[in-house]
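Handing you this structure, nothing more for now.
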Amino acid sequence: MKQNSKYNNDILRVNISSLSLRNPTILASGFLGISQELFNKLYRYGVGAVVSKSISTQPMEGYKNPTVVSLGNGSYLNAVGLSNPGAESFSKEVISNKQVPLIISLVGSTDSDFLPMVKKFDHLNICGYEINLSCPHVTQMGMEVGDDPEMVNRIIKTVKSYSRKPLFVKVGVGNSDIIAVAQIAKDAGADGITAINTIRAMTIDIETSMPILSNRIGGLSGKPIKSIGIRCVYEISKKLKIPVIGCGGVFTWEDAVEFMLAGASAIQLGSVIGYEGIIAFSRITSGIKKYLERKGLKNAMELIGLAHKY
Amino acid sequence: MHINIDHIRIVNIDNIIEETPSIRTLIFRDKLSSNAHPGQFLMVWIPRVEELPLSVMISDKKMHAAITIRKGGFGSTALFNKKVGEIIGIRGPYGNHFTIIKNMKKALLIGGGTGLVPLMRLATKMNEFGINSTFVMGARSKTEVFFEKQANRFLKNTKHKVIVTTDDGSYGFKGSATDTLATIIKEEKFDRVYTCGPELMMKKVFALASEYSVSVEASLERYMKCGIGICGSCCVGEQLVCKEGTVFNEKDLRLMTEFGRIYRDKTGRKSHIVDYN
Amino acid sequence: MKQNSKYNNDILRVNISSLSLRNPTILASGFLGISQELFNKLYRYGVGAVVSKSISTQPMEGYKNPTVVSLGNGSYLNAVGLSNPGAESFSKEVISNKQVPLIISLVGSTDSDFLPMVKKFDHLNICGYEINLSCPHVTQMGMEVGDDPEMVNRIIKTVKSYSRKPLFVKVGVGNSDIIAVAQIAKDAGADGITAINTIRAMTIDIETSMPILSNRIGGLSGKPIKSIGIRCVYEISKKLKIPVIGCGGVFTWEDAVEFMLAGASAIQLGSVIGYEGIIAFSRITSGIKKYLERKGLKNAMELIGLAHKY
Amino acid sequence: MHINIDHIRIVNIDNIIEETPSIRTLIFRDKLSSNAHPGQFLMVWIPRVEELPLSVMISDKKMHAAITIRKGGFGSTALFNKKVGEIIGIRGPYGNHFTIIKNMKKALLIGGGTGLVPLMRLATKMNEFGINSTFVMGARSKTEVFFEKQANRFLKNTKHKVIVTTDDGSYGFKGSATDTLATIIKEEKFDRVYTCGPELMMKKVFALASEYSVSVEASLERYMKCGIGICGSCCVGEQLVCKEGTVFNEKDLRLMTEFGRIYRDKTGRKSHIVDYN
């Protein structure tokens, strides 16, 4: 793939499984994630890779508004309900993708949902998949699937049997042991783990006594979940020795470095975009670069899992 | 205390104005909204029913603002049916806004339906800055005409014209608002055309203005979930209507291949914008 | 028990199982929780009830410092390691308790740990127990016990077989389904549920690449976990119809009201003390009172679970 | 940028002073600590080893501060062994501090061991405010005497006396610091006695000062985990040493039944304070 020279810094390049990214910042799924023109813009603005909105076999309307509530202090509660244009329509959206390292996030209820989707995307210019096993607020999808070990195994095997592109499994903190789910994913052939998704949470308006989200319960993202994400990345990467992509509350380059020290090969940005817009990618990337230079490190990958030593 | 504009503020509906049988203006007290710029919008929470993006309408009452809602589907009808004394939640105001050019002399405002709302707020600015303006309001027929009187009142300190057009000719000029625009833009020189309304109307406005090399600002609508630039549902190509818009100028519009052509629904699927008349 | 008249407001009185508290604010376990003189002071300052530090059969030193790290924005990460003076010594500490509604928090590995402890406390002037099944950072205790349904059942039955005082079970967000654990507790005879404890998390210093806590992993408390706590209280109280005590990130009267609307009969305060000291109790109590008056409610209990309707 | 004092700040050890074979002063650059009030303490992180509460010592270097550590157990020895150029983490300064009475003329400072540290910072204040002071320093024997020269230097602009006592008489006056206090408090009138050191020493100081109706401020030590008033491990009765202390005055001390009597260990168990001499 062609690289934008301004963002070509070998010091920042990271390899995750068979992926090679010009820098470790990735757009998290569900943020700005349905328009190829936006993906192109993100790439111009310095993103290392992009994860699409989670795509299902059929288009999904998702929940009624309110679907996103700002809780202040860099955090959001959302129950979008996995609204997405569906695999057919979205594969047409990204058919024109040329240079953006694009990871397609997929969601479904059973293994049979995944094969038709992979078939629609695999021949396009995309660089991998992220299986969303951790959406905390849609029944029969995401987290409920992640809680079923046998299904996790079957889904991953199905995708891997068809595609040679790297497959990441996105896990979350919920009703099952996150390490156990990651272990199953690894055993089934996943190339990496993305941790973490949002955490089930809720907010009630005290004037009306009413839950604000139309779905009542949603997923918490942003600053509050960072230290939980750090812990999950640390435990998964240390115990399972599998590449991990860190996600959850990355707002600054310090957060990104902390995730990498914990064991992340790259980090995803989501909620920070609500505060700073997509400038966050280049700002965080250049912070990491300065840190690497100050520490005398030759490449960002030297950071990965440094904290495991202690 | 600092107010976080993203937190829902519960407000009481103090007054309701019946604009047409299907359009009402709900007035509430809210300092932030009362200071909104023309073209900014609120995310309006109708508890346990919906949340809708709605332009900030002006209210004569100090520290008050308003929203003007057209009764349509589920959410808008629930809002339309709210009574005085009931409450709603609001967050915002969000988005950029219409801007005034330095040394501006003459402006043209053209809109239709609830697209008139941001133009009404803009009208008060025109009045304030002493800019003469022509305000073209399109409606289908007489019963759907609203805001005419208010527009005249808001513009009272300037040389102004309020022109109403109806498709069926039951009131004002017969024809569309853009028909009228086509006539007057030939005869008069405007510094800028401001428009909000059905996208195909705005597309024609943009085309006409471009033809006569007049600067344009158009306020777009797209399906909005977050209103704060994270979900991407409101995108027009690479632009986010909620954040980089809703107001775009001629330069933006020229680059927007989707303007007047493509609308994404709730799922994010694209469909072609068609004239719903 | 004698009441301090300044804090006698019938509008604020709440009943939880057989407990009757002058107001719904309770000191959370682990905060200021080892000194009877401090309990007396808290009571003078308006606390509704006090939960002691979690007590084990034997004294525990806990982990080395650092055991508490401030993460800013009203949040802490701690791995104190359940340090406590042990049941024998602590029962002597509270032997002089006269008027403080004191709930003893107990922690242990097996059911046989609990009976000797209950025997030491049951004849004292204490008003109930809270079983800590949710400490996220001590192996073989707390959460690991909470993940074992049979053990949870046995512990609760053991305590209930000896004591007639109300028993609350403190649950958390971790590796098991919180609703399932609460259900087991209810079925075993628990009188109420306290939700939630801290959530497993971690922080790494980026200058040294080292985890800060001596135990590396600890529990996140404070503002970040509030919306997760609200969700747990809502789900537990709605699904299980059991009294719930809300805990997690209560900093303001609005937070307290939100927890009660979600279904909490009372709320515990912890991290807020690090920001405001123990004045937080009276400040939050008087906020609740004004809210009740403004809403024309006669008693705080009218708030409990109001959000379930919507 | 606003610094949150509760966040660990990594600092470099710029210089080390060997005070005695078992006591060292480590100097580092930190603005907040350089402005600490006398009696405040830092939580000092020795990465992957320990975190210890330590009084803020003064440094001559601008924007710098110091800590003075006695080599003892695990944590203190690791800190003692740190070399110039190595790093530690600090948070704080925490706690209240020694206070000066309006129109104060004469002060008495009395301490022993590393309890001298907060008194050294106080000495510079005495100098600054022109308050004459007598500084009594107790030590077991000559090899354990430190800070004498610095104290004289810090107090140089005032009429001052630095009196060293050793238990074995190998240097200065023979006997304990409190023996000396007993003598001078009879002869001279002090506005306030400031003390920090072994608690039984402070208890005697308090008793003597009370006898002669002199105001007292004593800085206490208790086992600390959080340093910020949440864990309760540092309690003396109903008071938290880290938050409401470390400095308590005669009124506080009178009400503290545990002062000079009870110490809680790491588990929270109480034990009786005994003279370790």
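Going by the order they are written in, the chains are A, B, C and D; count residues from 1 in each one.
Following the convention adopted for this analysis, a contact is a pair of C-beta atoms (placed from the backbone, for glycine too) under 8 Å apart; a residue touches a chain by one contact, two chains touch by 3 or more.
On a predicted model such as this, the values are computed, not experimentally measured, just so you know.
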Touching both subunit B and subunit D (chains): none
From subunit A, the most remote chain by mean C-alpha position: D
Centroid spacing, where centroids are CA-atom means, of subunit A and subunit B in whole angstrom: 36
Separation of subunit B from subunit C, taking each centre as the mean of its C-alpha atoms, in whole Å: 51
Of all residues in subunit D, the ones touching two or more other chains: 48
Residues of subunit A touching at least two other chains: 210-211, 310
Touch-based graph of the chains, sorted into line, ring, star, complete or other: line
Chains grouped in pairs wherever the two touch, ordered by label: A-B, A-C, C-D
Contact footprint of subunit D on subunit C as seen in their complex: 30-35, 37-38, 40-41, 53, 59-62, 64-70, 72, 76, 78, 80, 83-86, 89-90, 93, 205, 207-208, 210-212, 214, 270-271, 273-274, 277
Residue ranges of subunit A touching subunit C (in the complex, touch as defined): 71, 73, 75, 77, 173, 175-178, 180, 199-204, 206, 209-211, 216-217, 220, 223-225, 227-228, 230-231, 234-235, 254, 257-258, 261-262, 291, 306-307, 309-310
Subunit C partner contacts - residues on subunit D that touch it in the complex: 4, 6-8, 10, 43, 45, 47-52, 75, 87, 89, 91, 225-233, 235, 237-238, 240, 243, 264, 266-270
